[in-house]
Structure formats: C-alpha cells, structure tokens
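Structures follow.
Next, two complexes with chain A in common: one pairs it with chain B, the other with chain C.
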Partner chain A sequence: MEELRKKAAELLQSGEVQMVIGYEEGTRHPRPCFISSADDAAKLIYDDRCTGNLAVYLTHKELIGGQKIAITASYFALRSILRLLTEHQIQLDKLVVLTVSAEKEVIQFATTDDITAYLQTAPVPAREDDKALIEKLNAMSPAERWEFWSAELSKCFKCYACRAACPMCYCTKCIVEENRPQWIQPWASTLANIEWHINRAMHMTGRCADCGACGAACPLGLPIHLLSHQIVQEVTDNFALDVNQAVSGDNALSTFKPEDKENFIR
Partner chain B sequence: MEKRFITQASINRWLTKIVNDGKHLYAPVKKGDRVDFGRATSADDIVFDHIQTTQSAKSVAFPRTDVLFSYEKEKGKVQLENADLTAYPETVVFGLHPCDAAGFNPLGAIFNWDYKDEIYNARLQRTVVVTLACTKADEYCFCTSVNGGPGNTAGSDIQLTPVKDGFLAEILTEKGEALMKADEAAFEADRGDVKEEFLVKLPEKFDVKAVQEKLQTAFESPIWKAQSQRCIGCGACAYVCPTCACFDIQEDAHGTKGKRLRCWDSCGFALFTLHTSGHNPRQTQAQRWRQRLLHKFSYMPDRLSVRGCTGCGRCSRACPVDMNLSEHLSSI
Partner chain C sequence: MSKIGVFICHCGENISATVDCEKVAAEAGKMDGVEFATDYKYMCSDPGQTLIKNAIKEKGLTGVVVGACSPRMHEPTFRKACAEAGLNPYLCEMSNLREHCSWVHEKNEQTTEKAIDLVKMLVEKVKKNKPLNAIKVPITKKALVIGGGIAGIQAALDIANAGQQVIMVEKEPSIGGHMSQLSETFPTLDCSQCILTPRMVEVAQHPNITLYTYAELEHLDGFIGNFKATIRLKAKSVDYKLCTGCGLCTTKCPSKKIPSEFNEGLGMRTAIYTPFPQAVPNKPVIDRANCTYYQKGKCKVCEKVCPTGAIQYDLPDQFITEDIGAVVIATGFNVLKTDFFPEYGYGKYADVLTGLQFERLASASGPTLGEIRRPSDGKVPKKIVFIACSGSRDPAKGIPYCSKICCMYTAKHAMLYQHKVHDGESYVFYMDIRAGGKNYEEFVRRAIEDDGVNYIRGRVARIYEKDGKYIVKGADTLLGSKPVEIEADMVVLATAGVSNPGAEELAQKMHVSYDAYKFFAEAHPKLKPVETNTAGIFLCGACQAPKDIPETVGMASGAAAKVIGLFSNSELTREPLIAVVNRSAPPVFSTCVGCFMCQTACPYNAIEREEIKGRDGSVIKTVAKVNPGLCQGCGTCVAFCRSKAIDMQGFSNEQMFAEVMALLNE
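Up next is the complex of A and B:
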C-alpha cells in the first residue's frame, strides 16, 4: 500500500499525471477516489476488497477533461482498459496504468502487450459467490432457465445501475433512450425488463471483461452479470475471442469475414 | 390513541384473518439473501428482524409503472378511459419502519402540491400502514437527524414496538382501529410497557437546520463537483427512496389503442432534463447531485414545508459507489 501511495504521490508531484483514480476506505467497502494532490495520496488503498471496476471513469469526460491520469486497475479493469483502447475510447499516451500484483508489487504498464502478458499470468480473481449459481444455471433445461431469468428480471426497476457501472456502457445515448423507433419499452415490467437485459447482453457480446460490476451495482442483487459471463464463454469458444488481448477492432457480432464458417449472410 | 399488547402468535392470527378477508398483505419478505417488500400470503412469509428492506414501501401508492388512462381510436373518434380508481386493492402494508411511513408525507405533498393526484390518493386511501418501531439500526440509518426517530408514529395507522414477550400496539387512527377489529381478541390490554426503553438509541449525525441554512447560499459551491466525482449517474438512490417522486410519462401504444403510463424517473439521469433542442440545463453530474440535495433539503422544506428525506439510509446502502448521504450532508 505504501508503495502505491508513494508512486501516486510521485506521479502527481512530477506533473506526469494530474489525477490518480484509485480506491479509498468507504462506509463498508472501499470506494472510488480521485486524487489531484500528492498530499492526498495517503488516502489510497488497494487490497482484495477493491473489486469495483474503476475503468468506468475513464470515459467520464467531465471528470477527466483533457487531463493525463493514472489508474490503479484491478485485474478486470485491465481487461476493460484493453477493450476501451480497442474501441478507441481512451488513449494510452493520456494514461498511466498501474496495478498491484498478488505479491503486493506496484506494476506500471508501458504497452498493451505488457497488460496482456500480466493478465495471462496473474491469477483470475475467483468469484466464489457465483460458482453455485452458475452450476445451477448450467444444469437447468432451457425452459427452467427461462423461468429463472423471467422471475429474476421481473424484479428490475430500471435504475440502470448496471449500465452506469459498466466501463463498456459509454454511449452518450443508450438504445433504451431511443424513442423513434422505440426499440425497447422503457418502463419497468417483466417483458420490458427482459427486452432491456437481453439487449444489454447482446451489446456486451465480445466486449465484456466479465468483471461483474453490473451485478455488483444492482441494488436489488439480481445476478445479471451472469448473462454476460455466460456469453464471454460462448464468444471465446465460437469466435476465438481472447478477453486478455487488445485486438484490431473486430467485433464478434458486427464484423463479417469471407472466411467465416457461417454462410447465411452470403 | 389506544395502547394494547399483542403476542407474536396473535399477530400471526390477526394477519391470517386480514389475508382471509381478501386484503393484500404487503410486507418485508425474503428475496434471495435480501429482505424486500413483497406480497405475503401469510405471517410466516414476513421477516420481523430486518434492519432495512432494499426498497421503500412507496410503491403501494406510487408503483414503478402505473396506468394513468387507456385509449382506443375508432373511425376518427378517440375513446378515453381513466384508470379505475375503485379497482386498486385494499392493502395492508405491514412491518415497515417509521422512516417509511414518514415518507408518505413528503410524497403526498408532491402529489397534492397543486393538482390533486387522484391515483396516488386513491391508492393510499386503500392502504393501512402498520409500522414496526426500530430496536436496531445500522451505520446508514439517520432518522434522528431529520426529525424522525425509531418510534416516530407519523404516517402510521398502527405502530408495533417489540417489547418483552410480544409487541406494544399503538392504535393511532380510525383506519388502524378498523384493522385491529379484524380480530380484536388478538389484542390484549396494555401491560404498561415503556416504549422508549425498547427503541434503539440513534445519535444525531448532523444538524439538519444548519444544513438547510448552509444550502441557501451553496448553489455555486465547489462541493457539488467534489462530492459527485464518483457518482456514476444511475437511479438506484432515487428508486429505493421513500420520498423520491419524479416520474416519466410513457406511451404503451399498439396500433389504434394504448395506455399512458407513469414510470419512475430520477434527477440523477442525464436524460432527465435534456430538452428536445439538445440543450441540457443540468449538463454535469455535479449539477444533478446538487439538485438532488437541494431539492430534498432546501426546495421542499421551503415550498412544501416537508423535507424530502426520512433518514432511512437506503440511498447510501444501494449506491454502487458509496455516495453516503449523511456523510455528504455532514461535510457541507
């Protein structure tokens, strides 16, 4: 922790960055904090409890402005950063990407390849809480699964915390806000909620870092992150996606290649 | 006001009678690993020892989606049909805490500010409120800082306070008395329990009058930007709030017929104030956060003589990024 604080203070003091995005102690759990002065670096913490995906702030224009910033990225935030770079939403020359390894060592990444190399060797943080439910879902028949999700999603009241917490939901206008035509019914009801969550899952396909921030953000505790979690597996299997790589901009669901095995589009 | 004593077993019997009478029983029930309001079919479903439900009880009078009217076009004529105010179920909200019952006052003030909202009023009129006074609290609770308290009876028709071997029952209104009479034998004579001895002690976290005073001149303060930096602009705080009343109007249209709907909305959303022209008077999250606090702690007290906060702490528990309201208010 001291090493991280020292690093942050140095970056701010030298003027290399104008802001450090990190975690501080919160009411019950660590929360995001934004440090602009070396004196405040002592607030920074980083440990296993720091699971919120801070990459979500990298596209907040009113927060970032034209500043160069440093971010203490968790394992999944590193994946999100690669994807945001792929989608040209952030620039690496405006960013100092830091993480703290399992050995408590502060790492500063110079290139996307360095990030990929780290992600390939560092242990993927386990989410024990999800394991039982994933197994239960996998054991269900499609009809049972439909029933499970209909019941869960019927509770959603559309506060859009899932969208707000997601680094990949950076659109200035969300499809649920489109009303000419109205693709998704914007009110809360079982059907309208299913429309929203299926749309979100489809929009996340091939882009999701599998960080679980959407599910963690849900005030009702709906396990919506498991929708995109399952899709990550599907896309990995069928589209040779590697969530640990920055790629050239091909999207799983919106890029056609002549050598694709499906022929329905020809 | 009348005081009685009732045992847990008698409460269960009384509630069974209420359900058998055809009333909707809406109470804290288990939802996964959480406790939230839901339809209870018997007393066995009800959780009595929760600190706070995820959502407030406001949806009994202000549901997340409500039909205002329906219409049908035929041969150039439009048939309008208002929502049937007599169709709302007779409802008993049971087991909510005093902060939730208190929320119906600011909510009602907004829904009756100039136009008297028939739908909200009709729904509330058919609702009886039975609160459970608080014997415990957590670090998010701050009712005592906003003129409430763990035994506050405002908005309650009946209040139950857990005492030794049962509950002290305060029958506070005619509605409450009528509900008691569903099974009056369940209620024994008052045993002289002193309510205050059983209530949780919750020290004040801030001086709300002083906060309100400071807000008068805080519109241009840099604190809004500083406090709102981590806010990600979702509506979780507003949707779990017992007093947030903002709504959006939507059209569920199917060819020549449809319904006009009222749905929850939040001043935290960027879209909330976006004009058709593209101009947005609240362009930044800082402005939207300022609006949230000023509305609750300055505009509502000034214009409606009620505060838009009952100290239930739900916004802070629900917030994905720990925008702790009492902490922010204390730091103004």
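Up next is the complex of A and C:
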C-alpha cells in the first residue's frame, strides 16, 4: 500500500501525470478517488475489496480532458483497458497503467504485451458468491431459465446504473436513446426490460471483461452480470477469443480466424 | 403528408392466376397515405409505365410502390419511369408479388392476403424513403489481366486494340499457358502453337500492353475503376536488359535432370531455362529451388559463359504498385495427375499418362519430336487405350462435374495416334460422348468411322502391369456388361480438369467468390457469365470451369468488352444504396464513437477513418467514414454499429423497421 502511495505521489510530483485514479476508503466499501496533488496520495488504498472497475472513467472526457493520467487497475480493469485500446477509445501514451500484484508489488506496464503477459500469469480473481447461482442456472431447462430471468428482470426499473458502471458502455448515444426507430421500448416493463438486457448482452459479445461491475452497480442486486458472464463463456468456447488478449483488433463476431471452432454452424 | 401511388401488375397470368390483383389494388387504395391505386396487365409495358408517369404528374405522388416481379428484374425500368415523370427514382419501390407470392403459393384467399401485406410493407417503407442521387466515381483506364494463357492473351489484345492500357501478369517465365503445350487442336487439327505463337508475339510487341512474366498478384486493394494492385516480380536472376536470349547458359548448365513443366515431366530441363523454344519473352530464368549455386553455394557456370554479364544472382523479388481500373482473371486450370488414381496404378506405371502428357508426346516440340513412344522404353505402342472421364463425373472421387473437353481431345488423341502409328490399335473407354459444338460430332464420327478407333462404352475398373504390358480390365455396357480385357502398351487417362493450385488464395486476395471446386464463380450463370460478384473484376476461360479453346476465346473477348465498356466513360455511376456514417451538429458531430468495429466487419475494406478537425486544425474526433466507391451496400456494418451511427441509404433502419411494424401492427 505504501509503495503504491509513493508511486502515485512520485508520478504527480514529477508532473508525469496530472491525475491518479485509484481507490480510497469509503463508508462501507472502498470507493473511487481522483487525486490531482501528491499530498492526497496518502488516501490511496488497494486490497481485495477494491473490485470496482476503474477503467470506466477512462472514457469520461469531461473528467480526463487532455490530461495524462495514472490508473490503479484491478485484474478486470486491465482486461477492459486492453479492450478499450482495441476499440480506439484510449491512448497508451496518455496513460500510466499500474496494478498491485498478489505479492503486493506495484507494477507499471510499459506495453500492451506486458499487460497481456501479466493477465495470463496472474490468478483470475474468483467470485465465489456467483458460483451457486451459475450452477443453478446451468441446470435449468431453457423454459425454466426464461421464467427465472423474466421474474428477475421484471423488477428492473431502467435506472441504467449497469450501463454507467460498464467501461464498455462509452457510446455517445446508446441504443436505448435511439428513437428513429425506437428499437427498445423506453418504459420499464418485463418485456421492455428483457429487450434492454438482451441487447446489452449482445452489445457486450466479445467485448465484456467479465468484471461484474454491472451486477454490482444494480441497486436491486439483480444478477445481470451473469448474462454477460455467459456470453464470455460462449465466445471463449466458440470463437477462440481470449478475453486476456493483447490489442489485436480481433472481434468475436466480425473477424474470422482459422482457430474458430465453428461448431455451431452445421 | 405522403401521397403514395400503388400499381399492381398482373404479369400476364404470372401473378393474377393465384392473386386477386383487383382486390390487392382496392385494399391498397384504403391504406394510410395511399393517394392512388390501380392494377394493370403488364405494368412494365409502355402503356403500364405511362400509367405510372401520368399518375405521378396528375396526382402529385410523393412515392410509388409497384407490386410486380422481383426488383432484380424491373426495378431499373420503374425507377427510370418515375425519374422521367419528375419523381426521384429512389422514391419508387417494388413489392415482389411474383417470386415471393404468386409463384410459390396456391390460388386462395391467403395468397391474396399475403400480397396485400407485401404491398402494405412497401407502402410503409416508401413513406420513409428519401430522395437519393447516383454516385459518380472516377475511373483509371488501365486493365490488369492475370494469366497469360489463351484467355489472358485474347482479353489483353482486345482491350489493348481498343486503345486502353493493359498490364498482363503471368506466373510462369513465359506466356502461352496450356495451349502452348497442345499438339493439334480439335476439330480442325491445326497445330496449336502455329495459331497461338503469333498472338503471344503480338502481346509482347503491343504498345498498350505491359507484360510481367514470372510475376504474381500480391495484393489488390480498392474498388471498381480505382484498384491498386501490388505485383510481385519474382527474381529471375537474369537482367533482361542485358540478356540477348542467346541460350548459351541453358546449354552449359550442369543441372540437367529437372523434370520439365512444359513437357509435363516427360522431358528434362536445366536449372536456368526458357520453358520452350517459342517462349515469350525468350529469355531464361534461374529456378532457384533446383540451382546448384543457390542450393550448395557454388557453380556459377551460367555467369561464366554469359557473354553479356546478364546473370545476377542476388537480385531480390521486387514489388511494384499499379493503379488499375478493372481486372480480368484468366488464370486457367489444371488436370489431375495419374497419381490420383489408385485403380490405375497410383502414377507408378511409366506408360500410363495424362492427356496433357500425351499432347507433349504428339507435339513436334515435345520430348519425342512428335513420335508416339513409350516413356519407359521408347518403343512405339502398338495397342493404346484411352480412358475418358478419369475422375470426372465421379462423385465418389469428389468430382461430380463433367470436364467437358475430354471427349473431344480423347477423340483427337486416338485420331493422332492412328495417323502416326498406322498399324496401331486404339481403344477408347467412355461413359457418354459429349460432342456438342460446331463440327464436334462430325469429328468424333471421323475418329470412329474413318480412323477406326474402337469405342467401348464402359468404365475401366483396374489397370495392372504384366510382362511389360498394361492389362486394362473393363466392361462393355452396350454388350450387357461383358468383361473386356485389353493388353495395352500405353494407357492415356483423360483426367479431370481441376482448378489451379492457389486459385482459392487468389480469390480471397481479390474478394471474389469461388465454388466448391475452387473454380471462380461468375456473378450470374446465364446473364453475367464474365462478371464476378465484385464490381470491376471479370473472369474468362477455364478458371471458371473447364472449357475448350473457342469457348475460352469467346469468353475472353466478352470480358474484354466489359472492360472496354467500363473504360468508355470517364466516370462511373453507382447506385447510392450504400452505408453512411451520420453527422450532426457540434459538439456531437456524429454519434459514431470511433470504435471501428465496423471496419473489422466490412468485407469490402470500405470503411476509412475520418478526423473531424476544429478551426485550429486540432483533431476533435475520429469517426468512421464509408468510401462510396467501395461500399457494396451489404449492411454488415449497420448491424454491427451499437449506437446505430451507420445507416444504409435506401434501406435505413427506420425503413426496415416501418416494414416490419406494418406487418405486426394489424
């Protein structure tokens, strides 16, 4: 922790970056903080409770402006950063990517390949809470699953906190705001909610880092992150797409690779 | 408020036999926004078109729906009619009542109901149509011909003689292709080289043709009228500016045991070689894979004997880029080798040959100087068997198609054999004799009746060697499948014509489609035989399917005519049915977020990056831009765009949505 604070203070002091995005102690959970002076670096923390995906702030132009910033990225935030680079949303020369390894060591990444290499060796943080529900869902028949999701999603009131928490939801105009034509009914009802969540899962296909931020952000605690989690599984199984890949321009649904299994085409 | 006109065509009886056209028109008249609806026997006829034109003028229509055949048939007709009446042609839509309704359903109530629904969908769509203007694209008037066989030669000469520039790329050291290997040609038995070589020389001498031999297409970017071709000039190791083509090097080269490609392996060549005496250009190349110097590091005999110092061992492959307006693919075909056939000895019998090898034996420029002799012992075969359909028309071998030329060349081979070996006996095993073509049937009859070739209808099950003879076991199906056994001295297999190795790769480089057998696919089997699915890329000859010389030449001239037609305008007019990235007022500029997922999805490389700059020149935003010349309007990018920043002109999301909702909102 001390090492991270020292690193952040150094970066701000030397003027290499103008802002550090990290975590600070919150009322119940650690919360994001945005530090612009070396004096505030002491606020920074990083531990297992820091699970929110800070990469979501990297595309907020009103926050970043033209500044060069440093980010203390969690395992999943690193995945998101790779994806945002693939999608041309951020530039590595305007960014210092830091993480704290399992051995409490602060790592600063120089290239995207370094990030990929780190992701492939570091342990994937397990989310034990979801295991039981995933098993339950997998055991269901399609009809039962439809029942389950219809019941869950009927509670959604479309606050779009899931969208706000997602690093990949950076569009200027979201599909739900599109009204010529009105693809998704704007009100909250079971069908209209399902339309939104299925659309969101489709838009995440091949892009989702599986960080779970959407589910964590839901004020109702709906397990909506499991929809995109399932999509990540499908894409990994069927399209040979590795969520830990370096910036390559590969997209599950648009790029053909000889390794693609194509076992769903008959 | 929309004022839509609906025009229902009976198409003679094609539509009206199963659809109640009067009722469709009456119902259409009641739809929201429809000002005028009528039906007519032939809407595409002159009076039919006049009906539409008058309605546009008299009723002040803002959109037209023609319920008739497929838009692939008459959309241009009706759009033109609308334009003549002063309505933007893209405000006219067709509802396909024939292919999508009357032809596929029985006559009943529901069929008419469906026709009404189809019209309703288009009425809703056309309300959302916007006037569009055709796109103009400049044209580079230079054609690229890939392949220097008879197809490429004919296409290149026709284009060049029309005054346009041509670049010909041939992968071998000489142009000429398979036709240069042939002995005599059916059905007239004129010498193949005698009729081909003047054309080859004409190509070399033509001021409008730039010839690159020993070269291959590396990349093809761009679009119709504006391609950019990168050509790999493989290292010849000989400086053609200095080389006089004296041929001294080829006589002195110590590596003399390389099977000659030109002689189909029946003769040998040296490592530095010209493929054949009439080669164009008649200058040698070094085959680096077989050259002692390149393989072992010493030799350099050719360098020592060359009187002009033209040998240059360290010349690398060169790459040149050419701006091209059109491409003609004329890469030809190949034939299966004898090793494809386990039942005929896996290619291990020296005197079991392919048809192309027999051509070399019969050719005056061949390894035996035109005498038919066995490759194994040089003896003249006294009994020879020809097996037609070797591989062809055999689904078990994966070649269900007919190779088309074999019936004719087998008759020719047997005839040539009889002309050269007067006391010889020849047998042809065949499945059917397919001799469709001018003077073709007469030619085959001549082989059978005048030259005494024995035709046996049946397949050969097996060939095996016994005491220097080849025992050919077959059956005569015209004699109740009576077993036939012939002790032959030589067997010639009319092996199937197959696509060239590398055809698939080339097709992918050019984004041209191909069939299951890797033959290039034409755009329409009847009406667009020389076009490919990619605009500006044409094809001719046996790269599309096996075909004979007259057909190849005809097709090559057809492809050339298409190129010349394209080049006859300085600008190209294209349908504006393409994708566009939206633009809006600052500070948003466009809802495109610049993720460029569309770029990876586009099969035509049509999506570019565009920087939106402020007054001070700084980049505010980088967004996608669709190149209107490249876009084919497939809509993949539209489906891919999460924020719907890309839309198709003429098939916008809003229009499609309106069509679907017209059906759902009963």
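Here is the rule we go by: the second predicted complex is superposed on the first by the 252 of 266 C-alpha atoms of A that agree within 3 Å, B and C clash if a C-alpha of one lies under 4 Å from a C-alpha of the other, contacts with A are read in each partner's own complex, and residues count from 1 in each chain.
Just so it is clear, contacts are C-beta pairs under 8 Å (C-beta built on N, C-alpha and C of every residue); 3 or more make two chains touch, one makes a residue touch a chain.
As the structure is a prediction and not an experimental result, all values here were calculated from the model.
Chemist: Determine, for the superposed arrangement built on chain A, whether chain B and chain C clash or fit.
Modeler: In the superposition, chain B and chain C stay clear of each other.
Chemist: Just to be sure I read the superposition right, which of the two partners does A:N251 touch: chain B = first, chain C = second, or both, or neither?
Modeler: In the superposition, A:N251 contacts chain C only.
Chemist: Please determine whether it is chain B or chain C that touches the greater number of chain A residues.
Modeler: Comparing chain B with chain C, the partner touching more chain A residues is B.
Chemist: Kindly classify A:F239 by the partners it touches after superposition: chain B alone (first), chain C alone (second), both, or neither?
Modeler: neither
Chemist: Can A:C33 be said to touch chain B (first), chain C (second), both, or neither?
Modeler: After superposition on chain A, A:C33 lies in contact with chain B alone.
Chemist: Return first, second, both or neither, reflecting whether A:Y118 touches chain B, chain C, both chains, or no partner chain.
Modeler: Neither chain B nor chain C is touched by A:Y118.
Chemist: Name the contact category of A:Y170: first (chain B only), second (chain C only), both, or neither.
Modeler: Touch status of A:Y170: second partner only.
Chemist: Using only C-alpha centres after the superposition, what angle do chain B and chain C make about chain A, to the nearest 10 degrees?
Modeler: 130
Chemist: Regarding the shared-chain residue A:H203, is it in contact with chain B (first), chain C (second), both, or neither?
Modeler: Second partner only.
Chemist: Have a look at where A:H88 lands relative to chain B and chain C in the superposition and call it first, second, both or neither.
Modeler: After superposition on chain A, A:H88 lies in contact with chain C alone.
Chemist: Using only CA atoms and the superposition described at the top, report the least gap between chain B and chain C in Å.
Modeler: 5
Chemist: Could you list which residues of chain A make contact with chain B in one structure and with chain C in the other?
Modeler: none
Chemist: Please name which positions on chain A make contact with chain C in the complex.
Modeler: The touching residues are 87-89, 170-175, 178, 180-181, 183, 203, 249-251, 253-255.
Chemist: Which positions of chain C touch chain A when the two form their complex?
Modeler: Listed in rising order, the residues of chain C that touch chain A are 588, 591-597, 600-601, 622, 636, 640, 642-645, 653-654, 657-658, 661.
Chemist: Which residues of chain B touch chain A in the complex?
Modeler: 31-34, 36, 54-55, 64-65, 139-140, 229-230, 232-236, 238-240, 248, 250, 252, 261, 263-264, 266, 269, 271, 283-286, 316-318, 320-322, 324, 327
Chemist: Would you pull the chain A residues touching chain B in the complex into a rising list?
Modeler: Interface residues on chain A, with respect to chain B: 26-29, 31-34, 52, 56-57, 62-63, 155, 157-161, 163-165, 177, 185-189, 213, 216-217, 219-221.
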